[in-house]
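My questions will all concern the structure given below.
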Amino acid sequence: MRILLAITLFAACTAAASDAPRARDLGIPFDGTPGELNAITDVAGVTVGHVTLIEDLEDNKAVRTGVTAILPRGPASKSVNVMAGWFSLNGNGEMTGTAWVEESGFLEGPVMMTNTHSIGAVHEGTIRWRVAQSGPDHTGYFWSLPLVAETWDGDLNDINGFHVRPEHAMQALDKAQGGPVAEGAVGGGTGMICYEFKCGIGTSSRVTTIGDAEYTIGVLVQANFGKRDLLRVAGVPVGQRLADDSSAERAAGATPEHNSIIIVIATDAPLLPNQVKRLARRAALGLGRNGSIASNGSGDLFIAFSTANEAAGRGEIDATISALPNDEMTPLFRATVEATEEAIINALVAGRDMRGHLGTTVPGIDHRRLQQILRDYNRLQKGD
Amino acid sequence: MRILLAITLFAACTAAASDAPRARDLGIPFDGTPGELNAITDVAGVTVGHVTLIEDLEDNKAVRTGVTAILPRGPASKSVNVMAGWFSLNGNGEMTGTAWVEESGFLEGPVMMTNTHSIGAVHEGTIRWRVAQSGPDHTGYFWSLPLVAETWDGDLNDINGFHVRPEHAMQALDKAQGGPVAEGAVGGGTGMICYEFKCGIGTSSRVTTIGDAEYTIGVLVQANFGKRDLLRVAGVPVGQRLADDSSAERAAGATPEHNSIIIVIATDAPLLPNQVKRLARRAALGLGRNGSIASNGSGDLFIAFSTANEAAGRGEIDATISALPNDEMTPLFRATVEATEEAIINALVAGRDMRGHLGTTVPGIDHRRLQQILRDYNRLQKGD
Amino acid sequence: MRILLAITLFAACTAAASDAPRARDLGIPFDGTPGELNAITDVAGVTVGHVTLIEDLEDNKAVRTGVTAILPRGPASKSVNVMAGWFSLNGNGEMTGTAWVEESGFLEGPVMMTNTHSIGAVHEGTIRWRVAQSGPDHTGYFWSLPLVAETWDGDLNDINGFHVRPEHAMQALDKAQGGPVAEGAVGGGTGMICYEFKCGIGTSSRVTTIGDAEYTIGVLVQANFGKRDLLRVAGVPVGQRLADDSSAERAAGATPEHNSIIIVIATDAPLLPNQVKRLARRAALGLGRNGSIASNGSGDLFIAFSTANEAAGRGEIDATISALPNDEMTPLFRATVEATEEAIINALVAGRDMRGHLGTTVPGIDHRRLQQILRDYNRLQKGD
Amino acid sequence: MRILLAITLFAACTAAASDAPRARDLGIPFDGTPGELNAITDVAGVTVGHVTLIEDLEDNKAVRTGVTAILPRGPASKSVNVMAGWFSLNGNGEMTGTAWVEESGFLEGPVMMTNTHSIGAVHEGTIRWRVAQSGPDHTGYFWSLPLVAETWDGDLNDINGFHVRPEHAMQALDKAQGGPVAEGAVGGGTGMICYEFKCGIGTSSRVTTIGDAEYTIGVLVQANFGKRDLLRVAGVPVGQRLADDSSAERAAGATPEHNSIIIVIATDAPLLPNQVKRLARRAALGLGRNGSIASNGSGDLFIAFSTANEAAGRGEIDATISALPNDEMTPLFRATVEATEEAIINALVAGRDMRGHLGTTVPGIDHRRLQQILRDYNRLQKGD
């Protein structure tokens, strides 16, 4: 029997998002020019839906988990594919559907993120949603190799309780929308931890010009990795300073070795599958800027897609495809590195103190302390 | 509401297996020397469990599906890993857990096989089984990146009914045993079709000598691929003959383009992860002997493991590992190709006429007709 | 000092080619419809050049080697790239340039084939040829990551004499032409051995229709692999019959374990880089039909390219690209498997007895004996 | 005709190395504990040889190039292999021999580095050296798939003059030795450029403890990449400061887009091939710390090897292998990231102004200016 102490089921909660300061609101400097929302949804058509499960159960058990859905083309994603590529920097994690991404060059359907033990529920829910939405494709078939990724939230969440069910995945898909994206302890990021601070979902974007055209790169991370002392923010060794600092709270009961990061990269630049994969690999460089060493327990899996080439995404036999020459891709690489760097710090900055499963508590990073350290290294951009 | 016309839940049904003729019982010639059972279970420690779901529902719907579990080390598989490698010949399929196989070189836990839309249920069931069986590992963690593979049985099975549930996966794991392995329409193979004939699970093995030691290669396939005219048996163009033959029944309503094959290769030879992956790639050559072209819709995914090096599988820091030099591996490659070739034909020969979902009927291959064609090409080994 | 007993430097010697029977001239049956020449040059624009070095030196040393150049777009290959992909079935070999093929999706320049110890000379010669031909590209750069592949001819050739020089690569490039392609002991195939018979270069093609369009697949192999007993021809276990047959000559002094096969697949079908790579993987299935087990010592490396999408090959920023949907690719897979199967048998059939380095002699396969065996299995298509 | 203005042929020039300040001599802070020499040669057995070609020719042409050889086991490398793995972060470069590294899990012989157009000469020279050194291996064969990597020095060097010859590779191999390693404009690094400053060879090492054992990670880079403004040193945005700084000299005539980095990682920790590959991937994170975006033109190729398991390296059939469990690898990942970060900055700091081909001049980074910028960000460790 469950004693329901509190239950909360959120959709993407944009109001909350707009109140909370993001990394650059604190004066943390980043390179490059973000899009209007500084979010993956700056890439036209991309929608994001979060389902957040927060509940306290008897016996000190706690639910702190959820599902995040990213639809590359919004509702059209169920029938119009996107060219895609993936990369495993450290494969201690799950990302289903990648064999077909690699083979076909397409991502068919959404990117789903949840906790490690809920891959199954979300996989089933994603197929159920596809079947419920519409009929089979022109070959008489339903796509059914969904992409579902995970990070491990078993420190804060009763992961062996299997609280995410297929309907939560369906809800996340139904509620996906454009606009500002909630960060921190929402959706798949609800119970996640970075550098021994509360973390979760973070996002960022960059706008870049190639020839006459302007392109957007959007990144969204479900971040859950790293020992404290590795943390670098804007190149400043924040983690080392905080590791030496007895005033800095630490996660109590958490096991940083089992953490991971999923990075999703969207772009409207016209790129072929092998080119989108090149973007996926660059996420490693953004991660490196923040001090990651991709520890053994960290499943660092990245997926990138391009929303261009809609006719090819529909499987039209005479589709005309456009793609940038490889020689023109460098600005997109830079944008990917920069947006990844910032999305991770956004996830960290959005973290708030959380008490979870079996009483484990994880502090959010102290914004004033973080600003002070950056100021010590002459890297804070504005007074606060 | 369901009208229960018939329900059958099988475990590995060895009695049935011993009655049915296998490919070499029909006089079909194969190269190499099989093990005692000519099955994957000839590799010591490997156990196999089938859960078979056969049920007729109202509205002409039908359940023809199931789950097959392969435990590399039998019950010890939940805590002792095996060195492993995988290969995607055509990635139009799902095999979860492969990012960690590739990264770590180990398969942690069983190989599970089911239908495409039941990946989620079996994934959850496999983690539930692990959690129920015993506590976390020495790092405080449960392995939770199970390997679950699929082929598409939507021609004979109500695949959108999601009839496989997590408990079916748990049952398949619990019932896994050594000894003879049931073939054909059992477990994950229940609703599968090859070359437009009823097909499913097939297995075979080879014994080979390297230096002073004898090693066994065992192969098990969940076979579900191929257009009729491509079929070659022992090199004989059986498919072309049957394609021209009005007396040969054809699958009614089936869509051969969405089929696939999962190939599992086990060995007791001591091999490092990269060497086991070499075995996985060789399965393509065995498949090629039977005429496959790895059509676009075919998810041809192969996983290989070695049951040697148990101490390393336990994660002991001072484990002593043994491995054959690469120079000595050729006999294992030959054995893999040969056992793959035979396991597929065993799956085909084990097929029996089946009526399934929405009345689709698929014939088993006619053994006498098959023998006659081989006789026409001077390739039948004994009179029958 | 060299005693020059005989020296021969051939270009593509089409007259010779037209006199010698090819596999289907002997009545060996193959599937599918070949192009006009049944050669890789059936793909419009592809040219092939052979430089053959045959010389007897003092001390019983012998030169039996050469270079083969394949230009995907003929002379335009130096500035117009082709979309390409590669696959390593067994990486015991060299194919330079593949990191960039994989990254960029393009092959820049020709495919070069030679012996193992002449990779360096041909690599340098290919860059020298590019520099001599014309100026840098629009970025001020010369492409300089040529693709050079090899198989080991050290049984028949004085491989440690480094007889291939950069100028031989340049000659092969200069002499490349369309039309019939010489097979057997020519170019890079001069000293090669298959199934313990003299072998070398072989080629074949297939024509297939997709939608309203006709596409050609062309395959060229430099074949140098396999133990005698593995040989299957049109599914017939020829090798086993010849292995038991004291009348069949065997290679004296040859070491079948160090052999390899390079497979080159060309098509005019419009395909993206990841799709061309799919073709490369299918070559394994054609190889499998002929009995290969990809033994440890065999470097089995395959490269595929598409001559479509010329504007993209020129690096134009607004190039319009066309590509078949993945769903339409199956006929190309079938064509690749079939043409690979036949190209290998063509290389074998073109083999003639050769005496080489240190007196090693390798017999060509006896055509009448081969026909008789096929006849025994009711697989010879016409009387001879 | 050549007018010989100056010719210099260096071997590893250790005296010079000890005079020049390295990055940490300038007070640049790095994480972790270096080995005694802070060089790849801290890994016992590893030897390094440089051949440096510096010559001024007529018509303002200039030779600024060379060869660097790394022997994993010193002279024994010709017959005793090392377990190895490689990774391509951006495949716009050549590293021959990788198909066999990936397949076999072993690197057979040395790691060779040179310029892009000298891959052929060094490839041939490396095989010639092997043939000259000793007889074939126990299978009657010479290894002959050498690993040769490159970066492009065509800004400072007359790259189309093909000045590196096979004998230079042989000399580099012969002269390889342990002890301090010369950095900067030596060997393969002679004409290389980073962040628009003179660069070349750099090295570093880390010592780490796992269980009771101490292990060493050594890194050596041939660094030749990056636009000025991307440069980060110890997290400080040095490049941005110097990009804004009219006093900072810039490379005149150089084309930063065609640059690259080769990273070689050595360890004495016992690791299986797939584990060594994990190290190779981590080099990307060290590169990321210094601001790299892996631009399109940058061939970023990494090779890692372990000198443990000598018996397996000899191909002994009953070799006993040891390997750390994956769970214990994280300290090695950290060490790899840290040593890579420092090796690159060492290459940069070792750079001195150079005038080269067609008058192109490239400045070395100004040490005092670099120190001042770090001081501005409170990141300089000691006064200077």
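Residue numbering begins at 1 within each chain, and the chains themselves are lettered A, B, C and D in the order written.
What we mean here is this: a residue touches a chain if its C-beta (ideal position, glycine included) is under 8 Å from a C-beta of that chain, and two chains touch if they have at least 3 such contacts.
All of these numbers come straight from a predicted model, not from anything done at the bench.
K.L.:
Looking at chain pairs A-C and A-D, which one is connected by more C-beta pairs in contact?
P.N.:
A-D
K.L.:
In terms of CA centroid distance, which chain is the most far removed from chain A?
P.N.:
Result for the farthest chain: C.
K.L.:
How many angstrom lie between the CA centroids of chain A and chain D, rounded to a whole number?
P.N.:
35
K.L.:
Between chain A and chain C, tell me the centre distance in angstrom, where each centre is the average of that chain's C-alpha atoms.
P.N.:
Spacing between the chain centres: roughly 46 Å.
K.L.:
Residues of chain B that touch two or more other chains: which are they?
P.N.:
Expected reply: 90, 102-104, 139, 257, 278, 297, 326-328.
K.L.:
In their shared complex, at which residues does chain B touch chain A?
P.N.:
For this pair, the touching residues of chain B are 88, 90-104, 116-125, 127-128, 131, 139-142, 144-145, 152, 154, 160, 162, 166, 255, 257-258, 297, 299, 301.
K.L.:
Where on chain B is chain D touching in the complex?
P.N.:
Answer in residue numbers: 102-106, 139, 211, 272-275, 278, 312, 315-328.
K.L.:
So in the complex, the part of chain C that touches chain B is made up of which residues?
P.N.:
On the chain C side, the touching residues are 89-90, 230, 232, 234-237, 257, 278, 281-282, 284-289, 291-297, 326-330, 333-334, 337, 376-379.
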